[in-house]
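Both of the next two complexes hold chain A, though its partner changes from chain B to chain C.
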Partner chain A sequence: MRDRVWIFAGLAFFVAALTCPAWYAVANGKASNKSKPPNLELPANQKECVAPAGTMRAAHMQMLIQWREDVVRHGDRRFVAFNGKVYEKSLTRTCLGCHNKEQFCDRCHAYSGVSDPYCWNCHNDPQTVAGSRTRSTP
Partner chain B sequence: MKITRKDFLRISGLSLLAAGCKRAAESVSQPASSVRAASTQPVRWGMVIDLSKCREKDGCNACIHACNAAHNIPQIANHAHEVKWIWTEPDATVFPSAQTDFAPQTVTETKVPLLCNHCANPPCTRVCPTQATWKRDDGIVMMDWHRCIGCRYCVAACPYGSRSFNFEDPRPSIESINPDFPTRTKGVVEKCNFCEERLARGLKPACVDACPQRVFTFGNLADPESEPRQLLRERFAVQREPELGTGPSVFYLV
Partner chain C sequence: MNALYSLLAVLALVLAGFACGQGAPARMVLATFVPYAAFAALLIGFCWRVARWAFVPVPFHIPVTCGQQKSLVWIRFAKIDNPSTRWGVVSRMAAEILLFRSLFRNNRARLSGGRLILGESASLWLCSLAFHWTLLLIMLRHLRLFLEPVPAFVNALERLDGYFQIGVPPLYFSDVILVSAMTFLLFRRFRDPALRYLSLFSDYFALFLLLAIAVTGILMRYFTRVDILSVKQFALGLAAFRPGASQALSALFLCHLLLVCALAAYLPFSKLMHMSGVFLSPTRNLANNSRSQRHINPWNAPVKTHAYVEWEEEFRDKMQAAGIPLEIENETEDAGNARTN
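Right, the complex of A and B next:
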């Protein structure tokens, strides 16, 4: 029992090392900040999306993949929404026609730790390239 | 509820019969719908290029500029890394076997607009290991840049040099980005898509609309009454290297 001091000191060090990321976050005031959901800017001109918000939140990536397959491989650009409205299957024209990429997509992606999906390696955000040129097609 | 053996056999027999009938009804109705689909007008997009009109305004390049702007094509100074969808080369290079000893210089040296031939029998699609390039039902040799792995088999297979590879990130070399069309990324192959995205909106290809001389005639080669077919009936036309058996859909009136 003469080693008690060393054992408890070691245990205390181990626990401190294990929990140090949490302490570090608290010390930097990040923890409270992170737990808050991101402040998403919703489109001003539209009340409805192509699917209910819950579906979009959970499955917009599957929908985008499906749209991609339909448009590129089958030439099918017509999307009939749940409420019967017809949309063009287009990331740039339909999604970004209402949503602002930086204030909507990027904020939530950064919050969820899935920042920079590689869509944007090729697809353009009309807001950021708008300065260089006006839209060419009808 | 108690069920007798006789009832059980009767019910299961009837259910099997019903399932069989449904299957039979489906198989009868299916061929009818596929026949209906096949009876719609077939489409094979093609183009006729009138070189005599093009010669009148040699060095104009309006078609090239229109295509570059519409499709975000990078202008790369390094010739080895060049990306091109529509470009020009001298007549003598494009049609070497059609040259005569005494052809006028105005003909042999004029620039001929070149683009993907959207072959009836495209060699590029045969070699693609991921089916990133394939032939659509309307004759367009299409590319899916999402699926391209950049192996460049298609570049090697195309006898017309219509395909370009992105050796570097194209974005810094694009003068002004058209947000309606994606750029490409480093490591994918690209080529003319016959303005598939414009055709879907009922427009003609960008080069066709941009040409001040109306050199390009675009239409459905499968329709005998279409504009290109009428031109091909009236005038003598050539294709690029037809002896290869690729069946180009781009014709040149010499």
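Right, the complex of A and C next:
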């Protein structure tokens, strides 16, 4: 009898926990534009990336780790792209030469809940630390 | 046979998921109608079953205990295993729900050289504990797809899970532990003939279904990629009641979605309701105080009693006349001075 209060309180907690995405969307307001993907700033000076957009979206992390492997362990900095163009294998110079870290990398990572990757343990963002470099750029 | 049928049922669901990924109308149905229907079935079914349980009368305290009951002050009693207070019950339930205390007692009987040997068997306890905790972790991690902005604790859980930074995208340890623990739980049923005989369709079905969900999820994360942006858009759309199936959602994702929907819809009607049932077991969630407190059944029919005092009162004159000793000698002289012998 007197335990029914506890049972229904527990049930209410469970239902609230299960439906939390809907409440969260309401609580954060502007529910209409929250489900839109973040506004990713694309480079103005380039039309093409080092691989097709679909490939980059799905596998940029693997490409970056492969580049690190090639550069750091084998000294190979030459990357021949799918369209025959030759790029330098460098996150700081090639990727961040066109892309803006904060408005491209970080926005999408924050949106999709991918915690800061460990790229930035060594690399810095050339657009925010220009002129005041404390580390060498690999 | 049970194992085979449940495997076939899960494979049928997987195939249905892939088939739905092919045609546009089927995609629409799977991405808009099915999740809501499954979620409604989960919520309504779950509440219905818990409410039914809540209205089952439990007039007496009927705990099943594993320790010395509280009795005399000089006998040491088990405060948690045989609780006599509410806080004792709370500790006992916490140990049961968070650490699977009763499963830890599991032991294995076997015959060796004609002798019965009872041995410890912590493997079931360990694997189910690992399985349940990693399942919780994985479900909490999935909140990153349903909440925008992503709360800090979800990011923290994700970092913790990929702590060792093996490969890219980082290997989640919960994935490895979940799949290994579930494989053990499955093979445990296959290995022991007695257990195989006891296992029902629903035992295997839940395991295969969860395994299929885990495998499709792992495939999506580590092998064939999904477009995480459109997945998140889809999940947020579901949460905001504006569902929409983007073309970027792969057939594998829809398969994962269908399996999860099947699990959600199946949950209230299956043994998976132990997730609420564990809280509502009267043999565990009651204090063992039947000796110190009287629990009166509230719907007892009124019983007409005739206690000795009343009986003595009725026959006082006759008893005095016959010289039979009375409990209460004489009301006028000895009132309030009752002798007990």
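The working rule: the second predicted complex is superposed on the first by the 104 of 138 C-alpha atoms of A that agree within 3 Å, B and C clash if a C-alpha of one lies under 4 Å from a C-alpha of the other, contacts with A are read in each partner's own complex, and residues count from 1 in each chain.
Just so we're on the same page, a contact is a pair of C-beta atoms (placed from the backbone, for glycine too) under 8 Å apart; a residue touches a chain by one contact, two chains touch by 3 or more.
What you are looking at is a predicted structure, and each value in this text was computed from that prediction instead of being measured.
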Which superposed partner A:122 touches (first chain B, second chain C, both, neither): first
Which of chain B and chain C A:72 touches, first, second, both or neither: first
Partner chain(s) touched by A:92 [first = chain B, second = chain C, both, neither]: first
Chain B versus chain C as contact partner of A:37, first or second or both or neither: second
Which of chain B and chain C A:22 touches, first, second, both or neither: second
Of chain C and chain B, partner touching more chain A residues: C
Contact residues common to both interfaces of chain A (with chain B and with chain C): none
Contacting residues of chain A [partner chain B, same complex]: 68, 72-73, 75, 77, 92-93, 121-126, 129-130, 132-133, 135-138
Interface residues, chain C side, partner chain A - complex: 42-43, 46-47, 50-51, 53-55, 58, 143-150, 154-155, 158-159, 162, 165, 167-169, 225, 227-230, 232-233, 235-242, 276, 279-280, 298
Residue numbers on chain B that touch chain A, as the complex places them: 69-70, 136, 142, 144-146, 176-180, 182-185, 196, 198, 200-201, 203
Footprint of chain C on chain A - complex, ascending: 1, 3-4, 7-8, 10-11, 14-15, 18-22, 24-25, 28, 31, 34-37, 57-59, 61-62, 64-65, 108, 110-115, 117-118
